[in-house]
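There are two complexes below, and they share chain A, which is joined by chain B in the first and by chain C in the second.
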Partner chain A sequence: MNVTFFIQVLINGIAIGSVYALMAVGYSLVYSIMSFSNFAHGGVIMLGAYIGYYSGALFGLPIWAAILAAMLGCGLIAITIERAAYNPLRKRNAPPLYYIISAMGTSILLENLIVATIGPNFKTYPPLFTERSIEIGKIAIGKLDLLMLVISAVSLFLLVFLIDKTKIGMAIRATAYNLRASSLMGVNPDTVIFIVFGLGGAMAGVAGVLFGMRYVVYPQIGIITNKAFVGAVFGGLGSLPGAIIGSVLLGIIEVMASAYWSSNLQNLIAFVLLIFVLIVRPSGIMGVSTEDKA
Partner chain B sequence: MMLQIKNLNVHYGGIHALRGVDIEVERGEIVTIIGSNGAGKSTLINAISGVVKASGGTILHDGKELAKKPNLIVKEGIVQVPEGRLIFANLTVADNLAMGAYLRKDHDGIAKDLEKVYTLFPRLLERKSQLAGTLSGGEQQMLAMGRGLMSDPELLLLDEPSLGLAPLLVNTIFEIIETIYKMGKTILLVEQNAYKALAVANRAYVLEQGRVVMEGPAAQLAGDPTIQEAYLGKRTT
Partner chain C sequence: MNLSWYYISGILIFAGINLMAVQGLSLLTGFTGLFSFGHAGFMSIGAYTAAIVTSWLGAPFYVSLLSAGLFAGLISLIIGRLTLKLKGDYFVIATLGFGESVRLLFAFLESIGGARGFTIATSAHHTSLFDVVLVNAIGLIVMVNLIHSKHGRNLKAIREEELASRVIGIDVFKYKMSSFFISAFYAGVAGGLFAHYLLFIQPAMFQLIKSTELTIMVIFGGLGSITGSVIGAILLTALPEMLRFLNVWRFVIYGILVILIMILRPKGLMGGQELRLISWTRRLISKRKGGQA
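Right, the complex of A and B next:
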């Protein structure tokens, strides 16, 4: 067992997992209020990757500005999706299944909209660092990994702070527990839903830019959110800390499996984990309820 | 007239839950609605709060039509303490009370009311940093009432506050209702425990199968032979 190698792999796993977490919190926030899995989330992340790409390639914005642009853009896109695809269902008291179908339709629409306009080609972010890694003793850490880790950690910290310590965060938690009771306290459910989609979208924007930077940008990049969804279910769908913990663990497990076993397993392992969790502990690590996850 | 309900109808799917209900609540009164299970008492409260949509009729608040959405009705000062309490089990006791004051901006007023609530319910002060889900049934009812008071309501709608509580606690809850009334709140109380409700209220309505079948001063209804037989468990021979 080579300790240096292990630490490098571990950091790599945490970095990837933390970006999964950025996506997973969007699933969890929406699920906690509206009890359905918003599969249009992948489309929002894909658009975030493109916003980041064009901010850098076309307008020459620095990385932090590209991330801010993607946060803002994706927040607005997520809110627009809610208005167009879910709000009409909400007014009619539609069952969760309708939301899921609407979400999948939206996801396909966004993907093909990009194929039709920008085109199906891969796009590569301009290189950010000339040297790819820094060395601490014998351990070489990828600069990109480090950047992903730091930006994800800061974003997630801000999100958790907002949910745990502010008044609107308290209203979101109360609404997640019981929408009717919170409306009897004077909370407007529309406001809570608006903010939840905005926050989830902003986090998706950060994730899109980070993934675009690490890999390449293409219309189907949103498929990566399947992993984040597994992370959210693993941690307990609807729980914010659960989504973060589940995603980071998933990142570590994935990278470890591919480093020590076979890189072919990296994608398989997430779904084996999903099936395993659903059989053994359907409520996930931090989940409270065992009702079916739609 | 603080609250004036005229010819209120509510349909639940195929069920006609309220059939032309007329109810009035004057400022500074405790009005109670008694009736058996399924008579439409909770439906009435939820229709006032906007949680259930009325299919006909009007609700006037100080002569003007009441808002339709729950959060706007709270803004008008009409606040429900729901049946089954519906407290936020995932929040602390203190945060539950803060949720009650969600729409208020007057920090001094909120602090004063919080003090009042803690004086009224010392148990809540002891447990203020505990998660509300860990409270006992009686404590949860107290929290639900305290949370309602934190909104500084004009009119408090109490939905079955004694439901499922031990007899000793039922007495405590009714004492607290009197105290709240003396604090100057108007109360609309829906209760299955007709005996206790009639003892505390000024006026009462009897609801049967979605209709008001009797109304009058609470003391008078408490002495009525048909009420005694149907709701107070007394035999009149």
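Right, the complex of A and C next:
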């Protein structure tokens, strides 16, 4: 086996996996608090890709500014979605499935809103830097891969730091552990949900720009998040480190499968893995037990 | 506006195909309390089975429908055996994974056309409005009787309180399996009808959004109501056609509508009730039967 090729593929897999992780943390954060899979997340990522595209193509902003704009925009969009589509359900204590359907409705709405306003065409990011690879010894690493890896790692580090070390993070963790008890301790669940959607949205913005740069931007790009969702389940829904580990592993497995086996199988493997994980260990790598009490 | 009969019957056939799948899903979701985001997968299995049975084996249309239902049902037994023990959301996620896997598998299998699709032999029967009405009528009669039987009452008990039903001796797993099987059978037959209406099938026709659409129809009509499901399937199939004047905006409206139903009327149109006319006629029929005896 060719070692340099293997390492190149591995780094490529980690780069893709780290962007999946950016998306997966959004699923996991929301799941940890509200116990439902937020399928509108793909729509938010799609909008992030468009925000990044327009800030680069129209306003000529540098990449860091485009990412910041997408973070801010997507954070606000995610919060707005929560207010409009989930908050009324929360007021009524609706079962999780109603949230999922509402999320799917939102996803249909966002996708077609873009088709109706911007149009269904593919859009390509303007070249933000010369696409060349860096060579370390014999190993050639794409600059874009490296950029994806670094930006994702920094964003994820900041997120984990925020959740683990700050007071806001403690409030989120407490609410995830027990919503009622933490609200009795003076943690306002509305504020926590507000922050969680804002954070998930901001990460989705980064992911949207990175994916837009690597591939192209189109209204259905949100479908990629299905993979991130698999990553989140793989690592254990509701667990932040689980989402990151699961997604990076999924990225590696996918890229390895297409490099050594067949590129047609890349997508199939993700979903077969999903079913396999659910059968063998539904709580994922890091997840807590999901046994119902009754 | 040019409303030709061809156009209207086309919409009705599509409504009937959706209705067939929705009937089964109504049993699973409305009466057993299990949600599935993978029934487009069963539909595609049915569609491919029926297409292969008529095109390669030259079997008659109705035989192909039956084999489509049975094969989808067989797969559902395997999937159900593996995943029906999962709690709550995890079962939904597993069905989602199943639906996507099936689609990607069909796209991968070059012997049945891969992603390019499968064209049904020109000699095969073309689904007519009559076929759709007939199949749905049979399906409805079976379904209504099933729901009003002891079996149906046990399913409702599981939906309302799983633990309590287990305590009074209902084999929860077995009943869930039966619902899953029947719903997959109906979805498979719907797939067969679909394949022979379009005469061309492609994995991309059975995406996650198709499964969601079917579940939305059940919820729109009202969980636990067969008449609700019938109305839901017909209205929601016709709705995008009625909104056609809005062009690309119609799916935006559709999305908004879905959110609004969840927020404003989560019980759906019928809210668990059956249409009065039907219970009224049933009563009339049973009275007459009683009179004769």
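As a convention for this text, the second predicted complex is superposed on the first by the 289 of 294 C-alpha atoms of A that agree within 3 Å, B and C clash if a C-alpha of one lies under 4 Å from a C-alpha of the other, contacts with A are read in each partner's own complex, and residues count from 1 in each chain.
Rule of thumb we're sticking to: contacts are C-beta pairs under 8 Å (C-beta built on N, C-alpha and C of every residue); 3 or more make two chains touch, one makes a residue touch a chain.
Keep in mind that this is a model prediction, so the values were computed, not measured.
By the touch criterion stated above, A:A78 is placed in contact with neither chain B nor chain C.
Within the superposed three-chain model, A:N226 lies in touch with chain C and out of touch with chain B [touch as defined at top].
Judged by the touch definition given at the top, the superposed model places A:G186 against chain B, while chain C stays out of reach.
Of the two partner chains placed by the overlay, neither chain B nor chain C lies in contact with A:I14. Of the two partner chains, chain C is the only one touched by A:N267; chain B is not. By the touch criterion defined above, A:A94 lies against chain C but remains apart from chain B after alignment on the C-alpha atoms of chain A.
Touch counts on chain A: comparing chain C and chain B, the chain ahead is C. Under the contact criterion defined above, no residue of chain A touches both chain B in one complex and chain C in the other. By the touch criterion stated above, chain A contacts chain B in their complex at residues 167, 170-171, 173-174, 176-178, 180-189, 288.
Listed in rising order, the residues of chain C touching chain A in the complex are 35, 82-83, 86-90, 92-94, 96-98, 100-101, 104-105, 107-108, 162-163, 208-209, 212, 215-216, 219, 247-249, 251-252, 254-259, 262-263, 266. Of all residues in chain B, those touching chain A in their complex are 49, 51, 69-71, 74-75, 79-80, 82, 86-91, 95, 98-100, 102-103, 147, 151. Within the complex, the chain A residues that touch chain C are 35-37, 84-85, 88-89, 92, 94, 96-98, 100-102, 104-113, 115-116, 226, 230, 233, 237, 264-265, 267-268, 271-272, 274-275, 278-279, 282, 290-292, 294.
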